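Once you scroll down, you'll see the structures, which are given as structure tokens.
Below are two complexes that have subunit A in common, paired first with subunit B and then with subunit C.
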Partner chain A sequence: MIPHTPIIAILGIGTYLSLALLATGLIWLFVGSLKGKEVDRRVIFVFVLFAVAAPLIFPTTFKDHASDIVKKVFDKIDNLPKGSTVLISFDFDPSMAPEVQPMANVFTRHLFAKNHKVIFMSLWATGQALTNSTLDDVVRREFPDKKEGVDFANLGYKAGNQGVLNVIVTDFKKMFPNDSRNIPLDSMPLFTGINSCRDLDLILSVGGGFPGPKEWVLFVGDPANVPIGAGVAAVTAPIYYPYYPKQMLGLLGGIKGAAEYESEMQRVYPQFASMPTPALIMMGPQTLAHVVVMAFIIIGNVAFFVARRKKREGA
Partner chain B sequence: MKREIPLIITFSVGVLLILSVFIPPAEHWGETFSLFFDIIAVFAFFLGGGNLVRTHISKLSGRKAGWAYSIVTLAAFFLMLAAGLFKIANTGGIGASVTENGSLFQESFNYVMNPLGATMYALLAFFIASASYRAFRAKNREATILLVAAFIILLGRTPLGVLVTSWIPDSWDIFQIPNMAIWIMNSPNLAGQRAILIGIGLGVASMSLRVILGIERTYLGEDKA
Partner chain C sequence: MKRLPLIVMTAVAICFVASWLSQGANASTESSSPYLQGFLVTTAVFLTLCIFSFLYQDNPFYKFAEHLFVGISAAYWMCLGFWSTIVGNLIPRLSEGLSNWFKVPYQPGDWNIVYWVPVILGLLLMMRLTANYGWLARWSLAFIVGTTAGLNFVRYLRSDFIEQISSSMLPLLVDWQGMGHFISNFNLSTDGQFILILSNWVIFIGVICGLIYFFFSKEHTGLFGQASRAGIWILMITFGASFGYTVMGRLTLLVGRLTFLFRDWLGIIN
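Coming up: the complex of A and B.
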């Protein structure tokens, strides 16, 4: 259960003004709906644009609490013995990136803060370029002392979907003889004693499509008995619940899951108080957009029932 | 023979892969077949690329509707192909990673593909809002239940959900919106998803058996099973 301690929201004058403007507009539309008036979809688009843009123009800071399903991934990473080897798979494309890249970034930050070794790879062709973003934004910027080949390795992308997993579950080097820089895995200290996925302490799949966390569970987690954690886009999160908690130790669902993880990082590690928190920042637009969607559902229903009553009365 | 050979290959590979799961000494067969599969999967890129070029060239030559977009598609395709194959502006040279920072491939990905992809996905917010307004009507009991569940999930996925029901005492915390959202995901959603998954699993198993035993032959291009 989520503790009900109030969230902290730092609101500026711009936020109050935009909220007042938004509320006025919605009340005006609600009054219209009482007369049975329908709202033009272009008006809805303007409201959504405003709801998403206002919290970005006038930033609102949120603090969140990690729910059990998110905390289990956090605790697993936190409690791994120092020097454990963890694999992060970037199974997503640019369209999913705004939602799931913050998860990949915060996982990476947490793993390096705990001095674990990290192997990056991707089952999606677009994942390799997105791995570079995480390497630039987190590893090279915040952990410049971490050496490629010793503390982390980027294996890049390999075609074959679940076929890739079927091989690396027993032998990494058969599928990835070299890393993305063409350096043989055999020459890397990181791979001493790491021959297959069976030698890993944890696998984190970030994505939400095919191939993704489900394939990691089916082809690696279950056969090799390796714990799997996942971070997925909100729209796909419900399909992963059947795998939790036995086959998937925890799950970050959408930007909310990422925001909960970022909050937990800041709560447990005060040194990361000033770390980039893209997910927490995006909670502002998400909250307001959800409120606008709910308001329009109410307005739509009121207009529908008023129009139906009028129709009956007319008949 | 044109029909029998593919059927024999399908039967043999299917049976061998099943055996490799149940007989430990045969475990490496599955691995070897996966490697074969990965090599074949690479050819899908050639086929996909070739098909894309063929389709758009025919659209261009026939001046079909939207032919101008085909110019953009083909130009982008060949630019990215050249940038990746010849490692244009790649400081590490031809042997370095295709996604090395500063290379034309990586820069194009970062500054064109990335924002375009995110923009397309972001447009969903507008369509979802418009669709919710039109479709979420409490017309009957089932629609009302769906509507209430949607409200709880929408609120539960934001910090506002915590704020709105934070006054509810701990002994009644199940009625706090985030906890209700968790319950919806963990109980009704889980039950439905499991039922779907079991159904899909059984369907996949029976269809696989039909293909292996040669009962299902539509993949060979035949109309009749």
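Coming up: the complex of A and C.
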């Protein structure tokens, strides 16, 4: 579909106009609150909606820099010897996809740019379709010369949660005799010398629920001493930080982590300057919405203290 | 039916059909069935807006979308359980004939009685549906709980207990070569000596104070009480960080939905 760009976006004043509108609205609310007027929750929803929608319609992007915890994953992939075998596990569902799919895509792009071999799998049933999405959007579009079975393999979903990990840590083919196309792994050149997770050079778990990065650390990373990197949904990110740096080599927390990785990718690899950067684009709405949330917290607190002072003075 | 709901329903239906036809007419040339694609996009948009309508107030459209989601999810997981666990994992190890019938590759190997254990336990679990033999399901549940506990116990003990304690035992003076060396190499970079020492001190004090807050065998007074209060602060900062991450995560989901509405439906962004 051809995008119907709004006229104010063409004029380049959309960002300033929306910021001015938002600021005016917040001032109006602040004045109203000082006068003791209650703010309906639906007004707050409208402000958040506006703060998220405006930067999407009038793109507002920010430059980002990779923090240490993100850079560790990037450097690990970058410094692996050419032809290393890396496994990416898609342990998420569509409700998490806006946050973590950009991570899976940028990991895949980086791995193929470095000519590593990639094994895709999923511990979540819904992850299989999202794996195909990454294969279509990144592998087949940007790396059409990469051959399935030689450069990458899609093992698909396997039921069993941590039970699957408990098996593949010692024997890969016992749990995955075939790939998602029912082709035996034994017939694939990619799996020559790959018998278990112990033979992998790196495992990247993308997700944030159960089973997910935590199970990869518990059932594969620690017992088999395989380096684990993770990209996780923001809601669950704080529970993974204690595993860094000893049990998890690096971590991408929420869309911010994905944006940092994308910016590092563009900085180090100029050929990817025009690659899709969904996470970086999402940081515009994130920033403005966070400013609005903070403004509401300040307005609420100031209104509370002013009301309390008035009450005391009245008494 | 009252007049207003009828008008609203009619308006929604007209908008739905209009969107469907418009999407079908504007669908990409790559699509083999543009009107089917238009219908799917319009349905997704309709359900998204139904869910969003709850932000105004509870209404029948929201209820419809909610019930549809619950029903489809239940059916989806039931089918998935059958096809991925029973057909995907069990049948290929049990019978070549059944594998061929379900069109899954048979895994030849020595006949193993172990594979019949889940069949029997699964059948026992189904006994829950009967009134007289429901107690037999307890055997399966006991097996599930026992194996899960056993499987997790060792891993959690190692990774979440011993390794975490080990990770908390950090040197309070990192790469210490005397005060002169420390001052002459002072910088605020994240991998600099000062920041590393500071981080380790924060973790050390945070762990000790956090543990003291949960130690109830001694009254929280004096120095012990102050450490306990510091523990509360540590916990509050942790919860605050979690909440901040949650806000970021939820906003990302909203961005995802709005991107769908603006790009795939309205076509106002690339």
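Basically, the second predicted complex is superposed on the first by the 297 of 315 C-alpha atoms of A that agree within 3 Å, B and C clash if a C-alpha of one lies under 4 Å from a C-alpha of the other, contacts with A are read in each partner's own complex, and residues count from 1 in each chain.
By our rule, a residue touches a chain if its C-beta (ideal position, glycine included) is under 8 Å from a C-beta of that chain, and two chains touch if they have at least 3 such contacts.
The model shown is predicted, which means the values in this text are computed figures rather than measured ones.
In the superposition on chain A, contact of A:L218 is made with subunit C only, not with subunit B. Once chain A of one complex is fitted onto chain A of the other, the partner contacts of A:R181 are limited to subunit B, with no touch recorded for subunit C.
In the superposed pair of complexes, A:Q247 makes contact with subunit C only, with no contact to subunit B.
Of the two partner chains placed by the overlay, neither subunit B nor subunit C lies in contact with A:G83. Contacts of A:Q286 after superposition on the shared chain: both subunit B and subunit C are touched. Within the superposed three-chain model, A:D136 lies in touch with subunit B and out of touch with subunit C [touch as defined at top].
Looking at the shared chain after the overlay, A:A53 reaches subunit C, while subunit B stays out of its contact range. More residues of subunit A are touched by B (comparison of subunit B with subunit C).
In the superposed model, A:P189 makes contact with neither subunit B nor subunit C. Once the two complexes are overlaid on the shared chain, A:G160 sits against subunit B and subunit C alike. Note: residues 1-2, 4-6, 45, 48-49, 52, 67-68, 95, 97-98, 158-160, 163, 166, 182, 234, 237-238, 242, 254, 256, 286, 289-290, 293 of subunit A belong to the subunit B contact set and to the subunit C contact set alike, using the contact criterion stated above. Per the touch definition, subunit C reaches subunit A in the complex via residues 26-28, 55-56, 80-81, 84-85, 88-89, 92, 104-105, 107, 151-152, 155-156, 158-160, 163-164, 166-167, 190-191, 238, 241-242, 245-256, 258-259, 262-264, 266-270. Within the complex, the subunit A residues that touch subunit B are 1-2, 4-7, 9, 39, 41, 44-45, 47-49, 52, 62-65, 67-69, 93-98, 126, 128-129, 131-133, 136, 156, 158-161, 163-164, 166-167, 170-171, 174-175, 180-182, 234, 237-239, 241-242, 254, 256, 283, 286-287, 289-294, 296-297, 299-301, 304. Those residues of subunit A that touch subunit C in the shared complex are 1-6, 42, 45, 48-49, 52-53, 56-57, 59, 67-68, 95, 97-99, 125, 157-160, 162-163, 166, 177-178, 182, 184, 217-219, 221-223, 233-235, 237-238, 242, 246-247, 253-256, 282, 285-286, 289-290, 293.
Of all residues in subunit B, those touching subunit A in their complex are 27-28, 30-31, 34-35, 37-38, 41-42, 44-45, 92, 95-99, 101, 105-106, 109-110, 113-118, 120-122, 125-126, 128-130, 132-134, 136-139, 147, 150-151, 154-155, 157-160, 162-163, 165-166, 168, 170, 173-174, 176, 178-179, 182, 185-186, 189-190, 193-194, 197.
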